[in-house]
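Below you will find the structure I want to go over with you.
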Amino acid sequence: MRKSSAKAGAAKPNRTASKRPALKPAAIALRAIKGGKPAAAPEKKPVARVIPTPDAPDDVPVIALNLPPAKLSPAMQAYFKKCEQKLGFVPNVLLAYAFDSAKLEPFVAMYNELMLGESGLSKLEREMIAVAVSSQNRCYYCLTAHGAAVRQYSGNPLLGEQIVMNYRVARTGKRERAMLDFAVKLTSAPWSVEEADRERLRRAGFSDRDIWDISAVASFFNMSNRVASATDMRPNTSYHKQAR
Amino acid sequence: MRKSSAKAGAAKPNRTASKRPALKPAAIALRAIKGGKPAAAPEKKPVARVIPTPDAPDDVPVIALNLPPAKLSPAMQAYFKKCEQKLGFVPNVLLAYAFDSAKLEPFVAMYNELMLGESGLSKLEREMIAVAVSSQNRCYYCLTAHGAAVRQYSGNPLLGEQIVMNYRVARTGKRERAMLDFAVKLTSAPWSVEEADRERLRRAGFSDRDIWDISAVASFFNMSNRVASATDMRPNTSYHKQAR
Amino acid sequence: MRKSSAKAGAAKPNRTASKRPALKPAAIALRAIKGGKPAAAPEKKPVARVIPTPDAPDDVPVIALNLPPAKLSPAMQAYFKKCEQKLGFVPNVLLAYAFDSAKLEPFVAMYNELMLGESGLSKLEREMIAVAVSSQNRCYYCLTAHGAAVRQYSGNPLLGEQIVMNYRVARTGKRERAMLDFAVKLTSAPWSVEEADRERLRRAGFSDRDIWDISAVASFFNMSNRVASATDMRPNTSYHKQAR
Amino acid sequence: MRKSSAKAGAAKPNRTASKRPALKPAAIALRAIKGGKPAAAPEKKPVARVIPTPDAPDDVPVIALNLPPAKLSPAMQAYFKKCEQKLGFVPNVLLAYAFDSAKLEPFVAMYNELMLGESGLSKLEREMIAVAVSSQNRCYYCLTAHGAAVRQYSGNPLLGEQIVMNYRVARTGKRERAMLDFAVKLTSAPWSVEEADRERLRRAGFSDRDIWDISAVASFFNMSNRVASATDMRPNTSYHKQAR
Amino acid sequence: MRKSSAKAGAAKPNRTASKRPALKPAAIALRAIKGGKPAAAPEKKPVARVIPTPDAPDDVPVIALNLPPAKLSPAMQAYFKKCEQKLGFVPNVLLAYAFDSAKLEPFVAMYNELMLGESGLSKLEREMIAVAVSSQNRCYYCLTAHGAAVRQYSGNPLLGEQIVMNYRVARTGKRERAMLDFAVKLTSAPWSVEEADRERLRRAGFSDRDIWDISAVASFFNMSNRVASATDMRPNTSYHKQAR
Amino acid sequence: MRKSSAKAGAAKPNRTASKRPALKPAAIALRAIKGGKPAAAPEKKPVARVIPTPDAPDDVPVIALNLPPAKLSPAMQAYFKKCEQKLGFVPNVLLAYAFDSAKLEPFVAMYNELMLGESGLSKLEREMIAVAVSSQNRCYYCLTAHGAAVRQYSGNPLLGEQIVMNYRVARTGKRERAMLDFAVKLTSAPWSVEEADRERLRRAGFSDRDIWDISAVASFFNMSNRVASATDMRPNTSYHKQAR
């Protein structure tokens, strides 16, 4: 008789931790970040992995590199505190950069200017670009964090999922479609972007300053996606339940 | 002073419906399916799109082809009824095939044998293959429906998201990783699959019969993904909230 | 003086059989298929390969998996008998699936409905799609079996060769070209198929039901090609001489 | 009842000739080639295409460029005569180059040295490289002409078909497999060929001079394939029936 | 007799200026940058292009977007002055960003920290990564500016050319080769970078902090390359003659 | 305090010579070429590599194959002497082929006819094709040698660099752009070149004979690039300083 158990051979994600070095858990990083003395670098031995779930604390290592957190500058301490107040947590990408304030600060400055600063693009549009680019690059960290942002800003949970999966199925207007087509072409074949592509954006109603912003946001996530992939950066589990 | 509204320029997904022919709404299909006489094919005029959201009814057209639903065979009527009882809805892929029972029946038979029949692979493993393949092909329908299944069978919502985004970040065991590597290679470069690839599966503990099943499931979704993309098939909105 | 022998260093295909497990020869499978008891699974030892040639019997292993044939259901026994009467042989793909009637039956049902059932597409057109898709996926089994079908249905041996090699060189009409362009795009980049692609088919004279059929046939061979590649399925040698 | 005619909608290849300029038919070219005065360039008007079949004469235009044949040098006249005596026809690639003896002569010299001259590679091996490369580039002309040569030299019709379709399925020895792997890598990603690739050939028994020859033959067909594709070169129909 | 003039049909690059909007010439930008009032945006009319040559002034438009330069902050004014003193010119990428100090400042901060700050990687190594990544993305601006830097830092003009063309031909040591392999893989297939890739770097002698730096530099140029391609950014002509 | 030495960790190209066989230095080849007796094949032992620089003599091995030079035919001896008189050196590609006059002669004949013979294309245009194709294939030898030729023929050093890096940024006229687009498409996807592509060239003013020449030059470099990559052919260092 036919039968099959869903349990037999089920994935046991945390039993088979590949032999990565013991990494900086976010918890340790956070202590350092809050102004204490830098935690000692953990020894290189296999650690028992806690399965990450939306309900579990953020105790997975943030990245797969052994980088002891540094003492944050007062500005960055204040910024991390603000993150905790507004979001309930410090985004892991910030913890990842927190091993060196000299690297963290320009990253935060550039990110905030691009994604939250003045622009002809709405914040939602910028997040849509972030997700469409990250989908092209299959970046787990950015799809998780910015997929949540699209769900939140749009008030449309499906829109976030669609851009994660294939932006072409999203029933956006022509303006957003032109914007995403440009961002994705710039991601997958930057050498082939030419005046005709910029003209297409102008015809969809974008100013030259908007074109700069579309380009800059798409380009920024081509950087961020790669930092995340290169270091196996893990998103905070809180993102997963946001705005579903 | 800098400010930017998240609302300005926000995506208004449903205002700009591209001029697709009026399609068979799932509701109409369902009426026919339940045994009534086939609904008349709707006229070809632009329809006001209802924004699909997880809370809205499944009233979007299921596919972008104008195919009037046929009268279902008794067996299929019974099957659809069973779907409603167990899932609360008839999966849209079945409604899509419902314009011709001669096409629907072998599809249902093959699907059920592969995904629910006896196998050395657990149901979760088969769903993981479905999602990894669908991610490669960026298939909105299958990622939505089978992503939900992975979340459900695994009891781990993150695992579903990870395989949708990039299966390599999922901390599965070696067995599952070998299985997904094979399925993804078979998807993206089938001509290059050779004995060494099968040997890798055998070394990971799979029998020759398991290898058939991995191959058959991966191949099946290479078919399904393409039927879905070719027809712009839309998933039931209920999937989105399942097992988050 | 210059000379060179065509014989020196000539390929000796069967001397260097890679170490695959001994497989189910079609002959054994056939015995089982005809209603006898399932043949014992052959031992795993290197076998002396017989060079397959158009004049040799079908004694090569059908697939590279060791799957003992099962007793066929009466329906499938009758079907195989019919194959032998009409074609002179049972296509190897059927022998490959014959290890499990539960897998064989839906495959046969789906195949026959798609390729031989009622449709707005001629049988030749469906075979042309099969070959164009299989060429994209470089599938030896399907190119051989369906290449022969194109030669046969069209009465034009060159047409079969052309679609095997590069469908763009075939001097088909605009209708067939649009159909093959769609099938090949669906094969190589399914995520990018959109309404504009369906519109192109409509302009070439295809109905929405025809578009379903084009999609379904192209999708089916994206499945079949992968089952064949994953299992190293070998075509019956008889195909090679058909309709040259 | 279900039925479907193979004839309905069948491809009618020659009715829908695309508007190419009237081209130099091989017959005309041949007259010029035999020493007469160059034929006048045919006018630019649509011509009724004769369906090319293996039984029809070679009256299709050889290439899609309007290049009146030139008077051949005595050496080339003798060479063409020799082709007719040995093969029964002049290969169309030679007719294509025959519009300028200054282009024809080095082509013939290079071809003959590479494919027929002294080498550590057998003639069959060189033809196998030609076909594997042409398959990668999907070149109709070269697959047809050199596929026939592999069938002929090997006495194994299936081997020719296999290399046309996917060289990996051919059960060649390790030596030939290494040779074809190198040729195909050099075709698809020449920038990535490095010392490790040459070492693999040396380990398979090839001398440095053999490596030159493998490289030179693979490279030559990367040239020939492109001249053929750029000009829509058509193979002589006689090749199709050879050595089946 | 055969002859052919190199002049006939020679490329006349500046006669055929495509209809791009009149752009901010670097000269105008520079005036604004030095502290004067922002120059008025030039009108949108076709301009006579001056051929850019290594000996000509930098009077080509820096980017293909019409973005009037802003008044620079004192810090940026000082920085641009320093550039002129040390390099003899302000790099065009800075002029491009100079339309908004809020965008320019984080870019400069991030760039200087990454390329000139403390690191386990030498400045030459960081420039080699910049060029290898830019070659993958075929970025004219970055290949020109950073190709010059490799020539300069290495004292080996050929090394710069080699990494522009194909980094695999450069006879670097194993350390540099491992570093460039990682950077190029991260560029072309970021989703596939995994622990094994990081391990390869560790085996080549890199610390985890070095791996961060390799990743960050490669990622930064994946951003910069795209900003440059999206805006058709033009390098200062001075780079071309540097360190030949 | 922050500091970083450009010297620390600098690339030391010649210390880490990979274990290639000792190769035929150009100097030895040249001696043989000038009519002396063939030099003995150098033994297979690691050699101390001299760093190639623009000022160093051409003493690097020309190719990575151990092929003792042959005695040149009188015609080739004369040709090499002419090269030395006109260029100051014999191009390494000729030294590479010089191990067999039967291979060298047709190569020289074909090259000279194509690149220097009568044609509707200027010599500069032919060199532009050579470089655009070689950039696609990332061929170090051909980019170096023919990049220099573009700089020289055009009198515009930047044009040479641009086509090496990304031909799309070169401000050529429409004629040259159409020509390069065709050559690059023929290089990267020869199977997709069709009548519409030839028509685009005709509309840009090219005759059918010009189209042959564009095709033949692009195809020739698809051959040459691969011979160079397969053998690790090294360009004469003199090219690097030419026409900067």
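The first chain written gets the first letter, and so on, giving A, B, C, D, E and F; residue counts start at 1 in each chain.
Here is the rule we use: contacts are C-beta pairs under 8 Å (C-beta built on N, C-alpha and C of every residue); 3 or more make two chains touch, one makes a residue touch a chain.
Model, not experiment: these values are computed from the prediction.
Enquirer: Indicate the lowest number of steps between subunit C and subunit F, counting one step per move to a touching chain.
Expert: The fewest steps needed to get from subunit C to subunit F is 1.
Enquirer: By label order, what chains touch subunit C and subunit E together?
Expert: Common neighbours, subunit C/subunit E: A, B, D, F.
Enquirer: By mean C-alpha position, what chain is farthest away from subunit B?
Expert: The most distant chain relative to subunit B turns out to be F.
Enquirer: Considering subunit C as a copy of subunit D, what rotation angle in degrees (nearest 5) results from a C-alpha superposition of the former onto the latter?
Expert: In degrees, rounded to 5: 180.
Enquirer: Going by C-alpha centroids, which chain is farthest from subunit E? Tell me that one.
Expert: Here the answer is chain C, farthest from subunit E.
Enquirer: Using mean CA coordinates as chain centres, what's the subunit A-subunit E distance in Å?
Expert: From the centre of subunit A to the centre of subunit E is 26 Å.
Enquirer: From the C-alpha centre of subunit D to that of subunit E, how far is it in Å?
Expert: Here the centre of subunit E sits 44 Å away from the centre of subunit D.
Enquirer: Distance from the CA centroid of subunit A to that of subunit D, rounded to the nearest Å?
Expert: 52
Enquirer: Which residues of subunit F are in contact with two or more other chains?
Expert: In subunit F, residues 18, 117, 138-139, 166, 191, 194, 232 touch at least two other chains, as defined above.
Enquirer: Looking at the whole structure, which two-chain pairs count as touching?
Expert: In this structure, the chains touch in these pairs: A-B, A-C, A-E, A-F, B-C, B-D, B-E, C-D, C-F, D-E, D-F, E-F.
Enquirer: Can you check the complex and tell me which residues of subunit D touch subunit E?
Expert: Residues 102, 191-192, 194.
Enquirer: Given the complex with subunit F, which residues does subunit E contribute to the contact?
Expert: 2-18, 49, 51-54, 116-125, 128, 135, 138-140, 143-144, 153-154, 156-159, 161-162, 164-166, 169-176, 232, 237, 240-241, 244
Enquirer: Which residues, counting only subunit F, touch subunit D once they are in their complex?
Expert: Going by the criterion above, the answer is residues 18, 20-21, 64-67, 99, 102-103, 105-107, 109-110, 113, 117, 137-139, 182, 186-187, 190-191, 193-195, 198, 208-209, 211-212, 214-216, 218-220, 222-227, 229-232.
Enquirer: Flag every residue of subunit A that touches subunit C in the complex, lowest number first.
Expert: Per the stated touch rule, the residues are 2, 166, 168.
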